[in-house]
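Each of the next two complexes has chain A plus one more chain, namely chain B in the first and chain C in the second.
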Partner chain A sequence: MLKKTTLNQLSDLAFALMEKGTLVAPVRQNAGFQFREITDAKQVDLNFHNTVISPKSVFFPQTEDFVRYKTGRPVQEAEAVEPQGKPLILFGVRPCDVKSFEIMDIHFSGTGAVDPYWQARREAATIIGYAFDVGAPAESEEFYQTLGIGAADPEGSDIFMVRHGDDLLLKSITGRGEALLAGIGGLTGASADDEKYFDDTVAAGRDFKTRFTCVDAKAITKKLEDLFHHTDFWEKASNACLSCGVCTFVCPTCYCFDICDETLFKQGTRRRVWDACMFTDFTLEASGHNPRTKVYQRLRQKINHKYSYHVRKYGVISCVGCGRCTRYCPVNIDIFSIVEEAMKA
Partner chain B sequence: MRSTNPYIPMPVEIVKITDEVDTHDIKSFRFKFLNAEDESRFQYLPGQFAELSIYGKGESPIGIASSPTEPGYVEFTVQRAGAIVPGLVTAALHDMEEGGKIGLRGPLGHPWPIEFLEKKNIVVVGGGFAFTTLRSLVKYMLHGDNRSRFGDITVIYGARTPGLLCYKDELAAWEKRNDIKTIITVDKGNETWKGREGFVPAVCKDVAPSPANAVAVICGPPVMIKFTLPVFFELGFSKENILTSLEMRMKCGIGKCGRCNVGYKYVCSDGPVFSLAQLEELPRDF
Partner chain C sequence: MAVSFQQIEEKLKTEARRLLESGQVSLVLAWGEGYDENHPMPYVAKCPSDADGIVFNEYCTHNPARYLVRYPRGTKIAIAVKAADSRAVVQLIQEDKVKRHDLVILGIPVYGIKNPKTGELIDDRTTCGLYNPVLYDVLIAEEVHGQPVSSPYAVLAEYEAMDQEARFAFWKKELDRCIRCYACRKACPMCYCDPCFIDQNKPKWGEKSPDPAGNLMYHLTRFHHLAGRCIDCGECSRACPVDIPLYLFHKKVAKDCEEMFGQAAGMSIEDKPVLVNFRMEDSDKILE
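The block that comes next holds the complex of A and B.
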């Protein structure tokens, strides 16, 4: 099903979506665009390239409570905060970020123990993807095409949107998307020209050039394994790194977390918070032993995790080429340049 | 029906505390489940671990020291950490008394490969306080229902001093049995010590267990493991038949939080038990 509206009527569409569930969509903020829960339909703004923080936070919030407790009270009185999946519509997600959900699903709910919080939110969400503008060049940090992701891939979205001038085309991709799209009033039917424009955009997205040539996951996995002990290579690569961790926080596929207790005036919360393998004490053990005290060891861990360990464990590279880590790195470390250098080393 | 959420601890009560060593910083805590449902769900095998959870302090992953052949409780031997980093959970636990209540999440990780060990001669080598999950294994194998499933059992256990040996009563009982060969050693004895003196690797060389149809299960401080492994190579044990258990900093214990990886393996959910053959495939990042 293909429907159409205009960008002038975006807030009408947002308003209609808000009636179907919690709407999370790009909002313009001082630091850049961010996905936010929408309280006023006029906040939704599609004039963005991509958000600063990836939309993973919708399913895996930066902090989330597991247990609420009171110190000095019996342990049985602690109150578990069980996962809740309330109907949610995630609107305006770029194709590379949509792909990240699939990669995270393998880890959080597809293999081994199931993370009930991730799973509950994922199952209750409808994803409305949004094609990059294939008429404009990609931003210099992006390399999703390198990883086989098109600029307008509808796969993984329930509904996929393509902008056509001042029009917005919405096509249902899944049954869930079709049900949602059918239930939204105020949209007009699409013409045969619109159908063609949508399909042409998806096709153009597949050929859309981002940086670099394609990488073979198996080859890079092996190469990084062989390079593990080449300390010189890793020291050079990490020379400028500040261990600030911003690359992991903006990343759509970084999932490391800490579980910590925070108590204030005897009221406490056990919660999960994002953590980063770039931090010194990430692997500090109670004995005092720490296998990764040096910056190069931590950067090596991060890159090997994404391009080698994850491939060995789950069969896919844990990166979607969104370019956020490079864009927001305060010392201009470019993850893909390191991978490229590794292939040549 | 209680939560099956893997992040939510089950409440347990401390029913027995044993002061294991003369430095009083290693104690065994025996716990009873407060909910019968939790107890029946907590089905474990030797080599697994659990997260001990104290609200306001945090969680610590600790190997299970009791054997599933001892119903009604689960026991952990815990060292008070804090010499270098603040050991919040272990310190709080050490300060608790019998009747105190904490939380427990588990069982976690893979056990010693019991089926693989069956019908083989087992050489258990432990050093210091790392003997906990080996004690679980020995108790399991010695149980009347299980003893005939295994061949000869040899235990080589060492500590720095006689006062630092854990489970002293059990060791004495094993020494009296004729279905297990128990060799106890200390790095340095004292005036009352009548047993062996010598480091674990040297004692292993001296005892020289036969590699024929045998598996060595080794746990101890890194320095002990480093010098003990070559001894077992020289004796002719294959890398597949040398098992050990790794430690890394952990949080979730279920392979989700990304903290305890060595290469592509998570120590919590892919381990903590690894054969030497498996370890040699991993980068030296632990």
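The block that comes next holds the complex of A and C.
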């Protein structure tokens, strides 16, 4: 089913979606766009290229409470925090980020060890994807096409949106998407021209060029394994790296976390908090030993995890080429340039 | 006279090559090619041929002094510095993190550096606004004179007009969006503590999860650890992925320090950091 509205009526659409569930959509903030739970339909803003932090934060928030307790009280009194499965509509997700959910599913449910918090939200979510503008050149940080992801791929979305001038075309991709789309008033039917425009955009998205040519994941995996002990290579690649948490925190496919007990007065919470392999204390062991004390070891881990270990273990690169890590790296380190250098080394 | 980035780049390459060839230094800290022209990155040249990789253009915002403490003491290092960067080197010498005689300072008088994220000029609003390095061994270009000079504290007018409550509300709002990625401290040339207080877990000074109270705790502590030491390079704010204007607090503290102790950070290697020095004539205002 293909429907249509105008960008002028975006807040009407948002309002209608808010009636169907918790709406999470891009919002302009003082520091660029972020996905936020919408409380006022007018906040939704599609004039964005991509958000600073990826939408993984919707299913896997930076802080997730597991257990609440009072210190000094018997453990039986502790309260488990139940996973939230309220209907959720995730609106305006770019195709590369939609793809990231599939990769993250491997870790949060696919291997048999199911994370109930991730799964509850994921199952309750309807994803409304949004094509990049295939008429404008890609930003120089992006390389999703290199990884086989089109700029307008509808796969993985329940509903997929394409902008056509001041119009917004919405097409249902799954049954869930169709049910939602059918239940929204105020949309107009689409013409045969609109159908064609939608299909053309999806096709154009497949050919849409981002940096670098296509890659062979297996060859990269092998090469990175061979390079593991080439300290010179890794030192050079990481000379500028600050070992901060920017690249992992903004990344849609980084999933490392720490579980901590945090207490304020006598109120304790056991919670999961994002962690980053680039932090010095990430690998600090209780004995005091730290197997990765050097910046190069940490950057090597980050790159090898995404492009080598992950491929070997799960058959897929754990990166969708969204370009966030490069865009927000304070010292302009570009992950894929390092992979390219590795291939040449 | 307009700044020629091209000439500066050539001179940097020549000096780097000369210093590496003669064996006077074992590495040169400067800037090199990034993923595109607008995004050069900090660079280390370790042999004469590496010198060709040095780049200098208007987007060379990074402060190479950040990397000095990464190398073992006694390593002979040549470092390319813009004005604020040179102040970081001076401050690190004052704090005995590096020795003056281990360094060859390549000073770059320059203006017109821009923030690649916003395209905005980096001037006295977000840095110290100086044009000429305060300490150098080799001057890479002619000193800059005749450019408008304004106080690095002028940008504080609006902030200082706020009362205490409004300031608290301002910081609460700004710091609420902090994601605790720690890029600010990692980009800072003066944040070299290992471990940083916020990473310690015995005792634990702050929680790991970003929440408003914890963020305030991290930042207020960091701000104060930099009192009298921040040299106003602005790197922390530029590193921040969510654009928190950290420079405002650092500038405010720097201004207070300067007023109380008559000394700005990183201006002379003869100075001692104000908070570790005691002089009879020091202001007592800090105790009020």
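In this text, the second predicted complex is superposed on the first by the 344 of 345 C-alpha atoms of A that agree within 3 Å, B and C clash if a C-alpha of one lies under 4 Å from a C-alpha of the other, contacts with A are read in each partner's own complex, and residues count from 1 in each chain.
We adopt the following convention: contacts are C-beta pairs under 8 Å (C-beta built on N, C-alpha and C of every residue); 3 or more make two chains touch, one makes a residue touch a chain.
All values reported here derive from a predicted model rather than from experimental measurement.
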Partners on chain A (chain B, chain C) - clash or fit: fit
First (chain B), second (chain C), both or neither touched by A:V75: first
Of chain C and chain B, partner touching more chain A residues: B
Touched partner set for A:D226, first chain B, second chain C, both or neither: neither
Chain B versus chain C as contact partner of A:E195, first or second or both or neither: neither
Partner chain in contact with A:V273 - chain B first, chain C second, else both or neither: second
First (chain B), second (chain C), both or neither touched by A:T63: second
Which of chain B and chain C A:C260 touches, first, second, both or neither: both
Chain B versus chain C as contact partner of A:E19, first or second or both or neither: neither
Spatial angle chain C-chain A-chain B, Cα centroids [nearest 10 degrees]: 90
Touched partner set for A:D40, first chain B, second chain C, both or neither: neither
Closest Cα approach, chain C to chain B, once both complexes are overlaid on chain A (Å): 5
Shared contact residues on chain A - chain B and chain C: 258, 260, 275
Complex interface listing, chain A residues touching chain C: 29-32, 52-53, 62-63, 140-141, 236, 239-240, 242-246, 249-250, 258, 260, 262, 264, 271, 273, 275-276, 279-281, 295, 326, 328, 330-334, 337
Chain A partner contacts - residues on chain C that touch it in the complex: 34-36, 39-44, 62, 66-67, 70, 116, 177, 179-183, 186-187, 194-195, 199, 207-211, 213, 235, 238-244
In the complex with chain A, residue positions of chain B that touch it: 3, 5-9, 11, 34, 55-60, 81-85, 87, 90, 101-103, 247-249, 251-252, 254-259, 261, 263-265, 269, 283-286
Partner chain B, residues of chain A touching it in the complex: 66-67, 69, 71, 74-76, 78, 80, 82-83, 107-108, 112-113, 115-117, 225, 228-229, 255-261, 263, 268, 270, 272, 275, 277, 282-288, 291-292, 297, 301, 304-305, 308-310, 312-313
